[in-house]
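To keep things simple, chains are lettered A, B, C and D as they appear, and every chain counts its residues starting from 1.
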Amino acid sequence: MDYPSFFEIAKKYKVILLDSYGVLKNHKGLIEGVQQTMEFIRGENKIFRVLTNDASRSPRQQIEKYIEIGLPGIELHEMITSGMMAKQFLEQKVTHGKIAYLGTDNSADYILQSGLEHIPIRDVDLKNTDDISAFVFLDDEGFDWNSDINKTVNLLRRKNMPVILANSDKFYPVNRYDVAVATGGIAKLVENMLGKKFIHFGKPDSQMFMYAYERIVENGPIDKKDILMVGDTLQTDILGGNKFGVQTMLVLSGNTREENVDLQIRSSGIIPDYICRSILE
Amino acid sequence: MDYPSFFEIAKKYKVILLDSYGVLKNHKGLIEGVQQTMEFIRGENKIFRVLTNDASRSPRQQIEKYIEIGLPGIELHEMITSGMMAKQFLEQKVTHGKIAYLGTDNSADYILQSGLEHIPIRDVDLKNTDDISAFVFLDDEGFDWNSDINKTVNLLRRKNMPVILANSDKFYPVNRYDVAVATGGIAKLVENMLGKKFIHFGKPDSQMFMYAYERIVENGPIDKKDILMVGDTLQTDILGGNKFGVQTMLVLSGNTREENVDLQIRSSGIIPDYICRSILE
Amino acid sequence: MDYPSFFEIAKKYKVILLDSYGVLKNHKGLIEGVQQTMEFIRGENKIFRVLTNDASRSPRQQIEKYIEIGLPGIELHEMITSGMMAKQFLEQKVTHGKIAYLGTDNSADYILQSGLEHIPIRDVDLKNTDDISAFVFLDDEGFDWNSDINKTVNLLRRKNMPVILANSDKFYPVNRYDVAVATGGIAKLVENMLGKKFIHFGKPDSQMFMYAYERIVENGPIDKKDILMVGDTLQTDILGGNKFGVQTMLVLSGNTREENVDLQIRSSGIIPDYICRSILE
Amino acid sequence: MDYPSFFEIAKKYKVILLDSYGVLKNHKGLIEGVQQTMEFIRGENKIFRVLTNDASRSPRQQIEKYIEIGLPGIELHEMITSGMMAKQFLEQKVTHGKIAYLGTDNSADYILQSGLEHIPIRDVDLKNTDDISAFVFLDDEGFDWNSDINKTVNLLRRKNMPVILANSDKFYPVNRYDVAVATGGIAKLVENMLGKKFIHFGKPDSQMFMYAYERIVENGPIDKKDILMVGDTLQTDILGGNKFGVQTMLVLSGNTREENVDLQIRSSGIIPDYICRSILE
């Protein structure tokens, strides 16, 4: 099938918001040719932001990772992560005690840096949970799934506390065919066990869009009609963009494949304004 | 049980956000004594906003209704409704064709006022849906439930289009004991029939909070820690406020009753910063 | 595409279980040619049963309806309905008080005939519910959707009682394109409002299969491998048959269309042993 | 509170069906005093069956375990497990290829003993899945949660096949306070990742009840009104028994505690015919 050119469409907008995984990179590394697209965006003086549901690394670390795989030049204010939203929430709402977490120590170091202590679930003493004041799902790595997921269930059965989910993605691709269960999948299991709903951060929630928008308009007014969100996933990037009121483009270089894009749009009812093969053409 | 005083707590905040139903009014009309609370808020020079999921009336009509039941003085910029969010979305995202709807003509007149035509579902011709470009659930009144809900299901089976829900509340109280199915309940039925998720507006989504916040900070910076959201429903007011990062107060004058407040907090995991009997004390 | 012949497959089985709607009849009446298939089944001395989720009519009335549309000869013991299961449950479990219902008076007359009184929801006095001991969803007709669905919600909020669903189908076809919300859809709305799960009867539950099986083996042993269930719906006929352990055949003359049968099997994971165009070939 | 005596109630019934965990034993072993109850049941010449959702051991092994903890005398025909139902299904429906599984090798040995080969998920080669014809969730032990759950997701993404769940319990108690995620919880995670529903065995499904009933009536007719199902869990034992049409007794010696039994009955709408403290009094 014939798809329109990303370049032609992008020219019409003042602001380009890009998802990370499936748009700029994939399981093999940087998507080849993305450097030229970035040069085009810079050359056309578009305002540009990366909006990613990845909470396993700090924004700074994500930028360093992009440099490592061959895409230098993303600045700190251009990287917006669901981890930043979770961090902000914890700083505003949790004022005492320790924050327990499931994830790598690295993910914890960034999100939980504040006056408060944090503690991995494996080190929590279930018999003495007085000082645990919140729980965060950070990453699908850095813990033993069997013992630590069970321990999480029991901590949350024993004590009622705010539980937040720094990344609500249920899975991520690990190669052309396969996926891995992500933090959102693990949290959903725990939600099911407890019959509760946790506080979710990340797209499709409007928060990250609003965060980006607020900072962009500090430099002068921008109409939402002049903003284009580009992503590979209907349920996060496109639904979130649609709901926030910006224009949306689905690219077929990640989660959504050409062979079933029509079906997925029809069955989800989530309709992007544009569909392009990738951001390379 | 002994609950703290709303007045004592409110004094500590610069901004007071109030839910409408269950806080200011109930099925019988204005909650007696609310006038004094409003005078207190005005007297203390607090910034004040009403945040309501009611989309059946325009903000202006809601203010007029408050005057009618005995609470004058709410200004237009102080009334924020989920209908405003839905209206904004439609204006930004739907650019051609007709918008079909389920609800009263009055609710449609406000939300669907724009260059576009709107048409109640009863007048839609299912054999010719080419010009229908979006669908909105507006209100639980103004249509025949049997024929018009069925017709809505079939329109959305025949044609894929953005479907939005201007108020996601599932029910509302009609007297001390009973409730009525609200727009959100009807939309959920249709979602179930189609296996789709529509675009929901209203609390607990951050949008209304963000809308209020953005406009408040135009007059000078306000920290989110200086904002108090007061509501009677954990799943909308308190979850939304918590997630947005402001302080939250649950009042027991509406949906949540003193006899089961503990249970509901424990079973939902949604924890307000304060619990007060009402905004009268 | 080329599908195998129903006749060739049916020959291999001793017992043929047929769904009603979408297999024997459709929205226009009897499916033309079904008479010949019935003659074949009779001629081959197969044991035969109709298994239908229709609870709006008694088995006798359903047989009379078949005579009316041109298919005489179905005997009473050959007609098994989800209404029979519901009736049996109520007779065994409800021993006093009145049974309230949503549906036509005709559906109530059959299912609720026992020593107990029954009362349509419209006649229930919400202020005095002492004598109401159970509630049944019977049909999508025979009541005012707006007032009676709301009244049902409030009855079940006020008083805890067994609630049963005589037909869990969510919708039924009304013409080649359109459907109507069935009892199961209405019950799901009420379940959602209350946060409860009711007791569901009808396929895919094993009960109707077991009921048929028990009576068939009274005349001599039959292995489940010699039984073929034929239906047009994966989620009820095929899932139910698979789970009960008989062989299953999906026909494309009803709910499941040739153009998306592959997709529906893939996305549901419900796999029939055979797929045929209809029972006519 | 005062509860009626199990003994007094049991006297009125001809058949006593008992759940295993929470009724006869708990995390510490046999519930002390259960031997006397068993003697009573035998002495009164009641027909007796154990109905358990435990699929991790064969019926024979479960009986041996009871002997080991001090309750000899349960005969093989008296032990009915969800594993037996799953085994039966697989024997009837899967006729070629290998059956992949998640669980201990012991659980596999029993359920998958038939002409077919079985293979633990860790040994499956995702690149060559041609010979895998079905998948079974057997137990929460015997595999690496992280790698093997992910591998299961990918196997089921790559190839469509019948997936069955030999035990749908979501969790089981490990001490007075804590639980562990059971097979049903893990399967639910995988269902969520795939957007599919697997075939579930075990209570509350009617199958185990029907299996017990069929065999009991071989020795003479028994009315369902003369059967009492005793269990500690509303959602499995009581719902299943209610739906099958027998009388039900909830005991407070397991999952359901005295302090919240009222609430759980009210919020679930599942109503036992009797509530007793345990089967000891």
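Throughout what follows, a contact is a pair of C-beta atoms (placed from the backbone, for glycine too) under 8 Å apart; a residue touches a chain by one contact, two chains touch by 3 or more.
This structure is a prediction, so every number in the text was calculated from the model and none was measured.
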item	value
Farthest chain (mean CA position) relative to chain C	A
Matching chain pair for A-B (criterion: over half of the contact pairs shared, by residue number), options A-D, B-C or C-D	C-D
Whole-Å separation of chain centres (CA-atom averages), chain B against chain D	45
Centre distance in Å when chain C and chain D are each reduced to the mean of their C-alpha atoms	28
Chain A and chain D: spacing of chain centres that average the CA atoms, whole Å	40
Touching two or more other chains - residues of chain D	none
Chain contact topology (line, ring, star, complete or other)	ring
Full enumeration of touching chain pairs	A-B, A-D, B-C, C-D
Chain A-touching residues of chain D, taken from the complex the two chains share	126, 144-146, 149-150, 153-154, 157-158, 170-171, 177-181, 185-186, 188-189, 192-193
Contacting residues of chain B [partner chain A, same complex]	88-89, 92-93, 156, 160-163, 194-199, 205-207, 210, 214, 224-225, 239, 242-243, 245-246, 265-269, 271
